[in-house]
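In what follows, chain A forms one complex with chain B and a second complex with chain C.
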Partner chain A sequence: MATTDLISTTVVSGSSTNIVSLTSIPQGYTDLLLLAICKSTDTSNTYDDLDNEAILYDTGGAVMPIGGAWMGQIAASGGIVETSQFASGYNRIAMKTSNESSGGIGVQVITMRFLDYSSTTVAKNVHTWEGKTSSTNTSGTMSKMHTGCFNGASSNLALGRIDFVLGSSKYFKADSTFSLYGINS
Partner chain B sequence: MAQKLVIDCSTGESEYVDFTADEVTAQETSVAQAAIQREAEEAAATKAATDAAAGKAKLKDLGLTDDQIAALVG
Partner chain C sequence: MGAVEVVSQGTVTSATNTIDFASIPQTYKHLSLTLSGKSTYNDSSYGHQDLIIGYMNEGPSGSSGQYARGEVYGDSFSGSTNYIIKNTFTEDRMWTLAQIPASKPGYYAGANATVEIWIPGYSNTTFTKTLISRCIIPSNYDFSNGGTVGAWQVMSVYGRNVTAALTRLVIQTFAGNMQSGFQYQMLGYK
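What follows is the complex of A and B.
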C-alpha cells in the first residue's frame, strides 16, 4: 500500500520573492508529489502571459534536460486554446502562476508528480496539472497539463532540486505555499 | 531587491537570500531565452497544424473523400 509523507511545506512571506528553490530533496522515496498554491504580484497580465518556469536540477547541480509536451490548455471562454510539443531536450516546464485577471484575484494550484525521481539508472517522468481561477471573470479561468521525461544532465543522476522562477520584477505574493511530499509505493 | 526563498528539504529549514547582480542578469537572460524557445515551439506547432489542414484541403480538391483522407493521413 502506498504511503505519503510530508517532506516540507513553506509559506512565502513578504513581497520580494522571485524564486522559490526546493533544495536537498531527500532520495529515499519512490516518487515525489509537489503541491503549490501560488499567487503573483503581477497585475498587468491575464492568465497566459507570465514567464514562469519550473526548472529541475540533478543532484550534481546541473539543469536536467526534459523532453515532453503540453497536453492542452483549456480556458473557460475558449475551449482548448493551445497544444504544442516541446522540442527534445527542452529543459524547463513552462508554467503560469498568474492568478489575477482584469484585477480579479484568484488562486492557482499546481500539482507536479515525479516518478522514479531518485533513480540513477532509468529516465524519470514528470506530470504537471495546473488550475487557476479568477474572482471576477471567466476568461481568467484556466487548466493545463504537461508531461515529460527527464534525466541528469551529464549522467543519469537523480532529481535534487526544483526551482520556481517568476519573470523579472514579478514576485510571489505572501501566503503562496509550496509543499513537497514523498510517496512510497 | 529580489530574493530567493531557499528551502532545504532535508531539514525543512528555509531562508531568504538576496539576488546578486550576476543572478539578476542570469535570471533575466534565462527567462528571455525560455520565452524565445517557447514561442518558436508554438510557432512550429501552429505551422504544422496549418500545413496539415492545407494538405488535407488539397487532397479533397483532388476528389478524395474525408474517409479516404483520414485513411491516408489520419
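What follows is the complex of A and C.
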C-alpha cells in the first residue's frame, strides 16, 4: 500500500517573499506531490495573470532542463492553447498566479506530481495541474495542465530543489502555502 | 497512510441526487475528493449525460454572484475542445464539476465517470476558496443510434468569493440521481 509523508510545508509570512524555495528534497521516495495555494500582492497587473514559474534544480545545484506540453484555457486570451516546449534551454514550468488588482479576490491552486524524481539513470516526469480564479472583467480565471520531462543539467542527477519564482518586484501574499509530500508506492 | 487520512468515504446504496460533506474537519491543509459512478438520468434527446454540480460552504440553493468558473472540455464525437469562462464571480454554483454517463439502456453499460477534485488550502482563512476538478467518461456510446456525445473529458476550476474555511461541500446531480454503487472518497492532507 502506498504511503505518503509530509516532507515540508512553507507558509509565506510578511510581504517581501519573491521566491519560495523547497530545498534539500530527500531522495528516499518513489514520487513527490506538491500542493499549493498562493497569490501575489501585486496591484499593477490588470490582467491578473502574473507569472509564477517553477524552476527545478538537480542535486548538484544546477537548473534542470524541462521539455513538455500543456493545454488549457489561457487567462488573458480566453482560448485553448496546446503547445510543446522542448526547445533548447527551456528550464521552467510556466504558471500564472492571481494578484490584488481590480479587487483581487482570486487565488491560484496548484498540484504537481514529480514521478521517479530521484532516478539517476533516466529522465524524470512532471505533471502540473493548476487553476486560478479572478475578479477582473477581462481575464484571469484559468484551468491548465502541463506535462513534461526533466533531467539533470549535465547528467541524470535527481531532483534536489524546487523554486516558485514571481517576476521582478512581485511578492507572494502572506499565507501562501506550499506543501511537499513524498510517496512510496 | 502517514500524512494522508480518510475524511469521508462511502458507496451510494439507493439512488440519491446529493452527497453532503457537512462537517469537514479543519485539521488538514488540503483536501482531495474522488468520485466514480453514473446517473439514473435518461434523456433520449441530447447527450445522455448528467452533470455533477457543487456548492462550497452552503446548501444546494446556491448564492447568486458568488462563484467564478473556468472549464475546458472535449468529446469524442466532435473531436474538438472548447471552453467556458466566467472571469468575474458571477455564477450561483459550481456548474460542471463533472459529466457522468446516464443510464440509457443499451448504451452505457459499465461506463462510469472517474472524477478527481483538489481543494488546496481549504482551511485557509486568508484566501477565497478555489477548487480544481476533472473527469473522464470512457463511454461506449453507439453514435450510429443517435445522440451527440461519446467519451468526455472536462477540466474545470471554480472559486467562491468567501475567505472562511471550507467546512461544507455539497455535490449534486443536475438532472437525475447518482446510481446505487456511486463511490466517493474525501482525503485530508496534513
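In this text, the second predicted complex is superposed on the first by the 159 of 185 C-alpha atoms of A that agree within 3 Å, B and C clash if a C-alpha of one lies under 4 Å from a C-alpha of the other, contacts with A are read in each partner's own complex, and residues count from 1 in each chain.
Basically, contacts are C-beta pairs under 8 Å (C-beta built on N, C-alpha and C of every residue); 3 or more make two chains touch, one makes a residue touch a chain.
For clarity, every value in this text was computed on a predicted model and none was experimentally measured.
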Touched partner set for A:185, first chain B, second chain C, both or neither: neither
First (chain B), second (chain C), both or neither touched by A:165: first
Which of chain B and chain C A:22 touches, first, second, both or neither: first
Chain B versus chain C, judged by how many residues of chain A each one touches: C
First, second, both or neither for A:5, with chain B first and chain C second: second
Partner chain(s) touched by A:177 [first = chain B, second = chain C, both, neither]: second
Partner chain(s) touched by A:130 [first = chain B, second = chain C, both, neither]: second
Intersection of chain A interface sets (partners chain B, chain C): none
Of chain B, residues touching chain A in the complex: 1-12, 14, 16, 19, 27-28, 30-31, 34-35, 37-38, 41-42, 44-45
In the complex, chain A residues that touch chain B: 7-8, 10, 12, 14, 16-26, 51, 53, 82-87, 90, 92, 94, 165, 167-169, 171-172, 178, 180
Complex contacts: residues of chain A adjacent to chain C: 1-6, 9, 35-37, 39, 71-73, 78-80, 105-111, 129-143, 145, 173-175, 177, 179, 181
Of chain C, residues touching chain A in the complex: 1-4, 29-30, 68-72, 81-83, 85-89, 118-121, 124, 126-128, 130-132, 134, 155-159, 161, 189-190
